[in-house]
Amino acid sequence: MSAADITPDETRRPFAWRRVRLGDLVLQGIAGAAAAAAVVLVGLITWKLIEGAWPSVTKFGLHFLIRTAWNPVIGKEVFGAASFLFGTAITSLIALALAAPLAIGVALFLTELAPRVLRAPVTALVETLAAIPSVVIGLWGIYVLGPILRDDVEPGLHSALGFIPLFGPPSSSGSSIFTAIVVLTIMILPIVASITRELFLGVPREQKEGALALGTTRWEMVRGVMFPYARGGIAAALILGLGRAVGEAIAVTQVIGGGVFIHWNLFDTGDTLASKIAASYQGAATNLEVASLVYLALILLVFSLLANLSAQWVVRRVGRRQGIGLRRGGAG
Amino acid sequence: MMEEPNVSITIDPTVRVETRRQPIPPKERLERIFRIEDVDALYSGKAALKGVTLDVYKNLVTAIIGPSGCGKSTFIRCLNRMNDLIPGFTQTGTIRYHGQDICAADVDPVAVRRHIGMVFQRPNPFPKSIYDNVAWGLKVLGMKDGIDDRVERALTQAALWDEVKDRLKASALSLSGGQQQRLCIARAIAVKPDVVLMDEPASALDPIATQAIEQLMNDLKSEYTFVIVTHNMQQAARVADMTAFFSISRGDEGQRFGELIEYDATEKIFTAPSDRKTEDYVTGRFG
Amino acid sequence: MSSHNLTQAVLRAEGLPRRRATNRLMEALAWLAAAVAVGLLVLVVWSVARRGWSELNLDLITKTPTSGFLATGKQGLANAFAGTLVIVLVATLMALPTGVLVAVYLNEFAPPAIRNAVSVTLDVLNGIPAIVIGIFVYGLFVLGHGQSALAGAFALAVIMLPLVARSTMEVLALVPSSLREASLALGVPRWRTTLSVVLPQTVGGIVTGTTLAVARAAGETAPLLFTSSIVGTNVHWNPHHALQSIPVAIFELSESPDPQDHARAWAAALVLLLFILFASLGARWLATRSRRKLAASR
């Protein structure tokens, strides 16, 4: 750092000295401006959303969050986010519950069990799953997954477990909350798996050997040494995965079917915050409806900020040992 | 008959060693624990050890000495199948433990390690509390009855109990290096192994901590059998009953591998070694 | 303790068979999880390939959606391909220099407190859902002015920025400080050192990061829904107009009742998938190569 302050003899070459300093200032200025722009951007996003949602915020206040309604008919306009909050919660949480053990299993496989020769290829394959665009997964969800679920899986689950309200009568189209859950599981699986894998790779070899040398089985070693070691990072990975699921708009809107109600039957249609916004892209009827859609986006923004910051906090607190940055994130 | 070699073993006068070396019982009364026959150890096809044959006896401290790279750690890790964890590792020959070949295909390494424990070069306590470090193995291996007593006994045997008895719930990582290593020893002996392998256990520790560990070995060898790898000849001279000297040999094609050169009572290795190479090493002429 | 032999009787008494069984069960579950993950990938790619392949022909790229009322010939998505090209190009032009500059600032100039704060901000930006970004840009540029490819490109650039910045930062950090110090000790000014000495070392990493960001941006639908979706069927190149894009086209076709539309959606999805896979794997391969080179030169 101090080397930059080496200045040639200013009396001998006064103009050269000025040029040197100017170049430094210019570069630092431009680069600093870029960095400032990034920060300003986040603030701008927040402000713009609040501004756009303002008519709806002032009209409905926080009641918006608990009202189940979406009526754009002029004169009787009333909007509420409750059904979408419910849809978001039920799809994302169940998808996370399904994806988490799968992802941890994949990570364990890749770090402990896979034959050397399989490790790199399978890792690449799992990461490739993350690269598939949402619209393609949505397309697949409509015409491949949907029919399978509608014709085989949902009736099967309904007849076997129909006494549970979650598994009510199957839908007639392939679109349902259940399809959305499966799609979301596929989308968050690679993120959680990839972060967990790096966490497992970071467990020091001498810790693992110390456990195995006692005469424990590999699973006992994983449970006693690797999981505690990776615990914080896995929590962060799960939070990130949840954030991803909550923010996913396209694939979900393609397969979830739409609807403004709260019901427990997973095989029925519904909507999430993100999918409702995406579904309305062709235009909202009134300004208030537009503002309400932006209100939904604002809720999404708040949630994603909370999720991201808490994941970073968890990593900072617990994951100091591992050098895992939160490179993977982002929602589609 | 060799002429008396000019051997001088300097013992650091600042470290007072209280070991009272008992004379080794005659061969007939020694019980053999390991019969190692013609073992070759290879990493990805390259030999690290060749033709190792020796017997390890119960309730003795056996030291493995030799220059770096001679395969001492490889050898000791063969005894509890820890080399299985290294990809590309293969082994020929037999290692009989109480008569059973532990390298046979149908032997579960988990079972082997249950009876043959290991303490590593750098202390590696789990990031758990002091109590949990010792108790975890006991719980997992199903030795839950009277667990508190077992933990106390292990910590006492490892000469650590007095120092930690008031803070068993504290993190193990808050202990000093020497204490951590003793904790690892406690952890290993809590599950009541038959043999305890030590891979340079004191090389990362200061002389006081080293002395504590050497004393430990001496006190406990009536209950356990110790095999210790050490690069410190004086340590071997202090603690070991039997000493095995390994060295690096060259093959026909110029490849290097480790070989057992001489194995005998420590007294003899250090005062009247039979092999020229042993003599060179223990007198400090090389290595 | 009684004889320490490894016989079955002794081990059974210690519960080893049960523990072994649990271990085997867990290993089997892990294998199963991996099989499911790989299987899902194969399933999706296979579906797209199978359904898209038959529809894949040059017409897709050369013909527009309504190409002549009289002709019953194949329709295409030429407008979408052209639009994606323009939008992604413009987005890259916006995001690449900005991202590199941010990374340069954070790595070369910023005091730790600022580096931390901006780093956190980048991560936060990365985590904002794409649909929210779309709404944001809608409010910023579209409201009152109409849609445009520029607005869409800006939305994509916002998504690409943290990716480019982060990968550039990683590769900047790999450049040994001795290199910088040697240059500065010669009297070379800071800015020159950064531009002529440090940055050239990072070109590989920047290319990799940008390629991955481009692959991500090319597949994004949500940001374009509100900024560049009301489009005509003809091929346009003017970024001031709203242009069709491949992801939005797939999105619209997927919801259409016409099976012909579905066929074109699959074909477009196949092209998109191939491009993204090619770009991602290529970038990853480049990354390992350049990382090896940097590591070897240290």
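Each chain carries a letter (A, B and C) given by its place in the written order, and its residues are counted from 1.
Methods note: a contact is a pair of C-beta atoms (placed from the backbone, for glycine too) under 8 Å apart; a residue touches a chain by one contact, two chains touch by 3 or more.
Model, not experiment: these values are computed from the prediction.
Student: With respect to inter-chain C-beta contacts, which pair, B-C or A-B, contains the greater number?
Tutor: By the number of C-beta pairs in contact, the winner is A-B.
Student: Counting only C-alpha atoms to place each centre, which chain is farthest from chain A?
Tutor: Looking at centroid distances, B is the chain farthest away.
Student: How far is the middle of chain A from the middle of chain C, if each middle is the mean of its Cα atoms, in Å?
Tutor: Those two chain centres are 15 Å apart.
Student: Whole-Å distance, chain A centre to chain B centre, using C-alpha means?
Tutor: Taking the average C-alpha coordinate of chain A and of chain B, the gap between them is 50 Å.
Student: Two or more other chains touching the same residue: where does that happen in chain A?
Tutor: Residues 217, 220 of chain A each touch two or more of the other chains.
Student: Provide the list of chain B residues touching at least two other chains, using ranges where the numbers run on.
Tutor: 110-112, 114-115, 140-141, 193
Student: Residue numbers in chain C touching 2 or more other chains?
Tutor: 19-20
Student: Give every residue of chain C touching chain B within the complex, in rising order.
Tutor: Listed in rising order, the residues are 1, 3-7, 11, 14-16, 19-20.
Student: Using the touch rule from the top, collect the residues of chain C that touch chain A in their complex.
Tutor: Going by the criterion above, the answer is residues 19-20, 22-23, 26-27, 29-34, 36-38, 40-41, 43-45, 47-48, 51, 97-99, 101-102, 104-106, 108-110, 114, 117-118, 120-133, 135-136, 139-140, 143, 158-159, 161-163, 165-166, 181, 184-185, 187, 189-192, 194-195, 215-216, 218-222, 225-226, 229, 247, 250-251, 254-255, 262, 265-266, 269, 272-273, 276-277, 280-281, 284.
Student: Could you please specify the touching residues of chain B with respect to chain A in the complex?
Tutor: Result: residues 80, 82, 85, 87, 110-115, 117-118, 120, 122, 124-128, 136-137, 140-141, 184, 187-188, 191, 193 of chain B touch chain A.
Student: Within their complex, state which residues of chain B touch chain C.
Tutor: 97-100, 102, 107-108, 110-112, 114-115, 140-142, 192-194
Student: What residues of chain A sit close enough to touch chain C in their complex?
Tutor: On the chain A side, the touching residues are 3-4, 6, 8, 20-21, 23-24, 26-28, 30-35, 37-39, 41-42, 44-45, 48-49, 51-52, 101-106, 108-110, 112-114, 122, 124-129, 131-140, 142-144, 186, 189-190, 193, 217-220, 222, 240, 243, 246-250, 254, 274, 277-278, 281-282, 293-294, 297, 300-301, 304-305, 307-309, 312, 325-327, 329-332.
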